[in-house]
Amino acid sequence: MKAFEIAEFVGGAVSGNSQLEITSFAALNAAKDGDISFLERAENFSGTNASCVMVPAGFDTTKVPSAITVKDPKLAFARIAQKLRVHKNLSGIHETAVVPPDDESGTHIRANFIGAQVSIGKGTYIGEGAVIHDGVRIGNNVTIKKFTVIHPNCVIYNDVEIGYDCVIHAGTVIGADGFGYVRDENGVYHQFPQVGTVVIEDNVEIGANSCIDRGALGETRIGEGTKIDNLVQVGHNVNIGKHCVIAAQTGISGSVTIEDGCVIGGQVGFGDHVTVQSGAVIGSQAGILPGKIVRPGVWWGTPIQPLDEYKRQNAHVKSLERMKADLKEIKRKLD
Amino acid sequence: MKAFEIAEFVGGAVSGNSQLEITSFAALNAAKDGDISFLERAENFSGTNASCVMVPAGFDTTKVPSAITVKDPKLAFARIAQKLRVHKNLSGIHETAVVPPDDESGTHIRANFIGAQVSIGKGTYIGEGAVIHDGVRIGNNVTIKKFTVIHPNCVIYNDVEIGYDCVIHAGTVIGADGFGYVRDENGVYHQFPQVGTVVIEDNVEIGANSCIDRGALGETRIGEGTKIDNLVQVGHNVNIGKHCVIAAQTGISGSVTIEDGCVIGGQVGFGDHVTVQSGAVIGSQAGILPGKIVRPGVWWGTPIQPLDEYKRQNAHVKSLERMKADLKEIKRKLD
Amino acid sequence: MKAFEIAEFVGGAVSGNSQLEITSFAALNAAKDGDISFLERAENFSGTNASCVMVPAGFDTTKVPSAITVKDPKLAFARIAQKLRVHKNLSGIHETAVVPPDDESGTHIRANFIGAQVSIGKGTYIGEGAVIHDGVRIGNNVTIKKFTVIHPNCVIYNDVEIGYDCVIHAGTVIGADGFGYVRDENGVYHQFPQVGTVVIEDNVEIGANSCIDRGALGETRIGEGTKIDNLVQVGHNVNIGKHCVIAAQTGISGSVTIEDGCVIGGQVGFGDHVTVQSGAVIGSQAGILPGKIVRPGVWWGTPIQPLDEYKRQNAHVKSLERMKADLKEIKRKLD
């Protein structure tokens, strides 16, 4: 793409040589001829070999061969990098993959690529453009829509539904039984039926070695555009809204609802039946008691509090030494 | 099964049409003709299409076609659902599985089903009725007893023993080396030998992507009927008793003992050589210092305290603002 | 090996029968004829059937057939056990493995053993003596140096480099995309390019089901001799030094630097851009705010504090009940 075409794509204003050919992308200090890069703050610039740089307003664009002035250079860079990335043209079905033929039970496999030693069950639909990497296990009656990429050794249990343009990283397990037991009078645990399913909407990304359990009697759902990191646990009947972000190692207990647009840090723990309202932000390592309703705002600590309350309380605790000294002095005076 | 047969099975009293044929199960609001469902509290009933409902004493049984009155409707429902569940009759050995022939070294493979691209080592015993799903790796000299189900892509290292009727969910690793090193005078770490094993007793269930390490020189053991959730870490030489429940993402360090009937929340962290006495309940995200003995009761926080102490202390911290104001007022009066 | 040869190997002084033949190793109470064992404190000895025991100075060596007096008996035992361990001579390439032939693009596969249903990409180098267990997935342009062992069902993404003598336990994923997104004005997340790589230096060991993400534009690096436990998360562009130890379920956010010789407990959480200076020790479940510089010393709690400050503060909190009573008494006196 030429610089002016990129400017059009990201909605920015090109300066300098708008005809320069851009073939790849890199960080400012690693970029070379033909690369596009980005600069978040004009004052941080210290030279680059990039041919073109996404810059904020106020940058002296004569310092680089070509520049594209945009509101959010990092976002513009992310968007153009995605476009420039050489999608390795994976295609074909590896001879060692176990893929059932189309049949009247609904089996319909159209993926662009199915890797070595994949196995796929019956009644399963995989759309065009999908990429199923080596060693993935896909059960019966699964739906995987167009252009979704499943990385190696993931396991998708029976009846799970995954939308368009999703990316699931290696080792992630979707649709295992939820953790639900009923204890009898002898202290023996009996599994409560875990026969629901998982629905993952379009454009969801899930990291490596995460677990999304199936619903007990209903469904576990992950909304459109939500991004989930590595080693995250999502329990049965959890309902996560659209465009949420959930960082690594967070654990979400059964029947939690997280509404649209929430941001959840890493290693957060949710008790069951929590509701997080749209737009809430929960800090890393926070703990949320069962049944709690978390309103919009920034939350912190265990049990969670609004961030400013948490900070105030923390300051009080830090002043305990002083308070003790005051008490001692007062007692001395009174005596 | 007919309603009266189900009543007999769960030890309840049938009312209404005891001859109704029950073929499946569902939640009250999703149930349809032929389904059995359950109601935990009589006052929560708001109609259902179920043919039969497990109900507590005091429910007006004329509101449904047939009812079974039991002490614990949810438990009765779990037990009958397990019975009604159509066990997909998985059978056969997939042609891509690598399964050694029986031999005099003890190799003896009798599983009902071995899926695609499974590989199994030598000297390994797998009992009748066992189900080994696609992509599972089983080492040498492993024992897996009758009716145990291993879900896809699990890894069972050499010498591990798994009992009857266990369920291991996808991606779980049993028998990897424990984390034990000895540091030399140059700061270099040398692995302490991790040559023990893992014994998993009957009727244990383990979630997805969990890790159960082998003993260093002895064994790691998980007692009969214990249920472990996803992404749980069990270190070397841990000894977990019978009928315990351990929620997701909990980490148990080396040489911890957890006695029978304990309940452990999610994201709990155990230092090494902790002993948890029979019947203790440990809240989520709790942290337990190395060597601690945890007595029966309910425990909370880091480092753990009895729940009522934790609550009292939390209340004290919340009252710090008030205490500071009191101190200020007293100082004013004294001056 | 004979007792005197072992003494030479570990730099100790042999007593008793220095010609005894040692064939295996075990704990003191489990050892039998032909075994070597170890004793950490002379006063803890209560008999053994071992033929030879590594002992500290001051032990009465006439109590055992042969003894080797060393400074650190546990370290000496670890070193000799590693030597005595029968390395099962795994060799050959399983017929079901998908291994590309050497070619001019750099494909060069020399591993001693490649297990069943392994798949390996193009341009990948695997050195002599390496062991690649069943079901491992190795991408394109990967480097795995001599004598490294990769346990079953691990996934190594494209372009990753792993040094000599490393051990990676089952289910671990190396090189998945880091978790980096840019949010647009509509609240939609766009992936920031994750096109860097992972470099793992020599003699690193990583536990089961851990995740090491690739760099965004640069590299994620794990230094020589570092040991990482199970279920650990290492984010993009993290730089871990040499001879560090990181316990299970710890999560390290993007762009964290951990210098040489640090010890990190389990379930620790790191915000992004943290720097941990050489020799720091961080207690389990600690939480470190983004951008923090952690100096050498022992650290504890969330947010982390020096251990002695943490203990002092904890003691203050425990004395709140007493302080309240004092306040009440003072107010009474003043009235």
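A, B and C label the chains in the order they appear, each numbered from 1.
Keep this in mind: contacts are C-beta pairs under 8 Å (C-beta built on N, C-alpha and C of every residue); 3 or more make two chains touch, one makes a residue touch a chain.
Bear in mind the structure is a predicted one, so any value in this text is a computation, not a measurement.
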Rounded to the nearest 5 degrees, the rotation mapping the CA atoms of chain A onto those of chain B is 120
Interface of copies chain A and chain C: same or different residues on the two sides (over or under half shared)? different
When centres are defined as mean Cα positions, the distance from chain A to chain C in whole Å is 27
In chain A, the residues touching two or more other chains are 96, 117, 135, 153, 171, 209, 231, 249, 267, 317, 320, 323, 327, 330, 334
Listed in rising order, the residues of chain C that touch chain A in the complex are 96, 98, 117, 119, 135, 137, 153, 155, 157, 171, 173, 176-177, 179, 181-184, 187-193, 195, 209-211, 213, 217-218, 231, 233, 235, 249, 251, 253, 267, 269, 271, 287, 302, 312-313, 316-317, 319-320, 323, 326-327, 330, 333-334
The chain A residues in contact with chain C across the complex are 25-27, 30, 72, 74-75, 77-79, 81-82, 85, 94, 96, 115-117, 133-135, 151-153, 167, 169-171, 205, 207-209, 225, 227, 229-231, 243, 245, 247-249, 261, 266-267, 284-285, 317-318, 320-321, 323-324, 327, 330-331, 334
